[in-house]
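Two complexes follow with chain A in common, the first pairing it with chain B and the second with chain C.
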Partner chain A sequence: MNRNDENKFLTASQDIFPISMVNVTLNIDNKQLICNTNMSINNDGLTVLMGSNGSGKTLMLKLLHGLIIPSTGYILWNNQKLNHQIKLQQSMVFQTPVLLKRSVGDNISFVLNRKMRSNYQIDDILEKVHLLEFKNRAARLLSAGEKQRLALGRALAIKPKLLFLDEPTSNLDPSTTKFVEDIIKEVSKNKTKVIFVTHDMHQAKRIADDIIFIDKGMVIEHTDSSDFFNLKNSVKAKSYLAGKIFL
Partner chain B sequence: MKKYLYFVFFMATLLYIIFTSTDDEQDNIILQATTSTDNSGFFSYILPLFEQDTSIRVDVVAVGTGQAIKNAKNGDGDLLLVHEKELEEQFVADGYGSKRFDLMFNDFILIGPVDDPANVGDADNIYKAFEKIYEKRARFLSRGDNSGTHIKELKIWNEVEVYNPSIDQEWYFESGSGMGATLNMSVQDSAYTLCDRSTWISFKNKSNHTILLADRINLINNYGIVLLNEEKYPKLNHNGAKKLAEWLLSKKGQKAIEGFKVNNQQMFFTQ
Partner chain C sequence: MQSFTEAFNLAATLLLEGNKELLEIVFLSLKISTLSTVIGCIIGFPLGAIIVIYRFPGRRFTILMINTLMGLPPVVVGLVVYLLLSNAGPMGTFKLLYTQIAMIIAQTILITPIVAALSRQVVESLYEEYEELFTSLLITKASAIFALLWDARYSLLTIGLAGFGRAISEVGAVMIVGGNIAHVTRVMTTAIASETAKGDLALALALGMILISITFLVNGCAMLLRGSKYFSNK
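Moving on, here comes the complex of A and B:
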């Protein structure tokens, strides 16, 4: 797809919801890591993927993002297979941000379509993540929290319909964590579907509209956040909330 | 009562000997190596085999080749395992190392988006592929970290007379990071990237990226092992380092190297 096609696409984008997983399994090195999953995710609300370490949350996220192909079964985005147009509407923020060896401003402009890019737009995004004053600074000189904010800015720059975040605040201090959560909640209210991975129950309680609880590669529950935390749920989820599930 | 006290004293002494002698017998060495080798899972596979035979524990410091060599020059490692033969030989010539051995090889590959905007899939070799990327100004993501992969990539750009590509801001970018992190970014941003085959095979987030070009004549990736100069670095564990080098170069070690597979694909080859 050349840049002109991308432009046309971005002004007339297709719907990508619901995301449907049908009989999805994932085997790596002869181990079944995701087990026969059937699930549907709509575009409303902020969804949190939750579970203990090693439960398969990140793998599930990567499957939903199309980074990993299932071993069996399939995933559809509004009844379509993953294609370039669907990919263009998604963004992901990893636990450890990977940034270009460039200035903060250049890291944002990298992801913007050339035609759309302007200094105003770059400044707007940097302002949103409180990094405008560092626009000309080398990205590698930012602190961990600043780098994660920049990674978030990059992800938001393309105005994604679907934003994935893989434990983005696990290495951050409490005030930066709150800042990131506030942005994500705001983004979620403004037509971007957010799917957020965390093992932090308190964080999930703060931000989630609905919870997908995963244990040993299986989706145990997919329910409203209030139901999940009011213990109207499975035995395994209750044990997890009580701190009883260990690797 | 006396007998009881003698028994307690005897048990305490016995336990002390057991635990302290275990610590003394555990030998260990520090191996300065590269992120690409580490990312492939090679060390997790081979070092336990070595440790089983020798009881020597190996701690790996995985960084880019340039950084690994720098660390070794600073005496921060007992042995060096990287994949840039010219730099390794220079390291020995300059007196930092005592000897270099060929250990194993695989190849680099050019990966990129399936739709291949620069049409590199039609190129006869890696030089023509890089020319096509340059002509199209297609997005290229470099590691940009002075690693063996980065150095190899720059040599190819030099050959096609694209000098200092990082100066042209429009199409060439650098992550400054290891191979896995660079691939994550390359996939996310639909860029071309030069990658070692073993990391690509192990890399899980391939999405719509694929191998667009393999060139086993021009993209051979040689790994060498370098012993450090004993006179220059008297406090390093040269005995342990020699044992690791000898084991890796032995028939058993070379067979183990060839036995390392991911997704049923052999990752490294020996001479």
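Moving on, here comes the complex of A and C:
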């Protein structure tokens, strides 16, 4: 695929914002895990989905990404239902990086080939996530931090308009966490909407522009980060910030 | 009673002398078993992956059938293929009975369920790992099958060798459909059976030792190949 073809593909992409969840519920095994959710996410900045363990953050992310279909309600992307063109503009990094049993470079090229983008970017992408020297190494032999950086690089390889990150730094040391956060902040500044799941309040404080606080499958509030951490928020959010656990 | 030493010496002598008949039998065994294994793998690998990726009515029954067919008795396969290929059978017009093609057909029928069932298990565990990633990346099912088979290639190599082991050591089916005709369809296992029946136990044992040596060499090569992935870090 040459650059002209790639440009044609890029111009074919459509606007996908705002994302609206309308009366969305998710039931699994007769248990309601996401309850009647209504919210809208625009294309500005970096949104953090925050909540305690088991609150439904990851499920919410998977619903938004289209990995799970809502039991009731629907999700609209700029007033359209999810379609192939919309899906092409998203990518996701999972909490535990899923890497193909191939070399580091081949993990990137696999995505580039599938997403109809040319392979000339491989070195640029690996350089960005500081993995160029490992290009020919087996991905499974990388350390946890390197694996997560590769997963992030692979997600960025398709130049998504929307990037979902499911606790990508939960198993990383502080320096790698900072490295990943810096990349994410840079990506966010370059017109990629980032939706980031974390339960780490300090991390949310560092990176979030707005926060969606979830508890027991319900969106308790969706507010600016500064308002959230200045305790201009709900009782539940205040309790969460105070370190109290909901059961 | 002829001793193992005598048999070993005979095997070594036959090989060192380059006994034409023995080499013919050995090469024919390798040819039939290799072709059967290749055909079995060409059918079995994708079949195993398709069963993992696609959801279709009767999928569980298909899995059950393939697992059941892993234990197919060779003589039954031989009998069925014999009935199909005999002059009165539905494929009688092709005149394939007592040919090498008939032996390949019988061995392929024996190997394919083994390859398909074991491939399914390998691919299924890999797919559990990859499924969300593939969904996220909008990978088509056809592409997913190729990707899974490629990433599982080292395990599939071992499965292919298991199939080869089954083929080269099989006697019942090839005896029925091949007929153990000298210079035409005589392979090591059928030769061992006929030499034993004739009472030439030393030659039969010598052939058995060669058969075991070939299996040992093939598995050794496979081990080296599998080891090489660690050296190449792939």
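Methods note: the second predicted complex is superposed on the first by the 227 of 247 C-alpha atoms of A that agree within 3 Å, B and C clash if a C-alpha of one lies under 4 Å from a C-alpha of the other, contacts with A are read in each partner's own complex, and residues count from 1 in each chain.
Everything below uses one rule, namely that a residue touches a chain if its C-beta (ideal position, glycine included) is under 8 Å from a C-beta of that chain, and two chains touch if they have at least 3 such contacts.
These figures come from a predicted structure and were not determined experimentally.
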item: Partners on chain A (chain B, chain C) - clash or fit; value: clash
item: Touched partner set for A:L141, first chain B, second chain C, both or neither; value: second
item: Which superposed partner A:K87 touches (first chain B, second chain C, both, neither); value: both
item: Which of chain B and chain C A:Q32 touches, first, second, both or neither; value: neither
item: Which superposed partner A:Q95 touches (first chain B, second chain C, both, neither); value: neither
item: Touching partner for A:T223 - first (chain B), second (chain C), both, neither; value: neither
item: A:S234 touches, of chain B and chain C: first, second, both or neither?; value: neither
item: Contacts of A:V111 with chain B and chain C, given as first, second, both or neither; value: both
item: Which of chain B and chain C A:S170 touches, first, second, both or neither; value: neither
item: Intersection of chain A interface sets (partners chain B, chain C); value: 65, 67, 84, 87, 91-92, 94, 98, 100-102, 110-111
item: Chain C partner contacts - residues on chain A that touch it in the complex; value: 65, 67, 84, 87-88, 90-92, 94, 98, 100-103, 110-111, 114-115, 136-138, 141
item: Interfacial residue positions of chain A with respect to chain B in the complex; value: 1-2, 28-29, 62, 65-69, 82, 84, 87, 91-92, 94, 96, 98-102, 106, 110-111, 140
item: Parts of chain B lying in touch with chain A, wherever the complex brings them together; value: 113, 115, 117, 144, 166, 169, 173-177, 181-182, 184-185, 187-189, 204-208, 262
item: Chain C to chain A touching residues, read off their complex; value: 126, 129-130, 132-133, 135-139, 143, 147, 151-152, 233-234
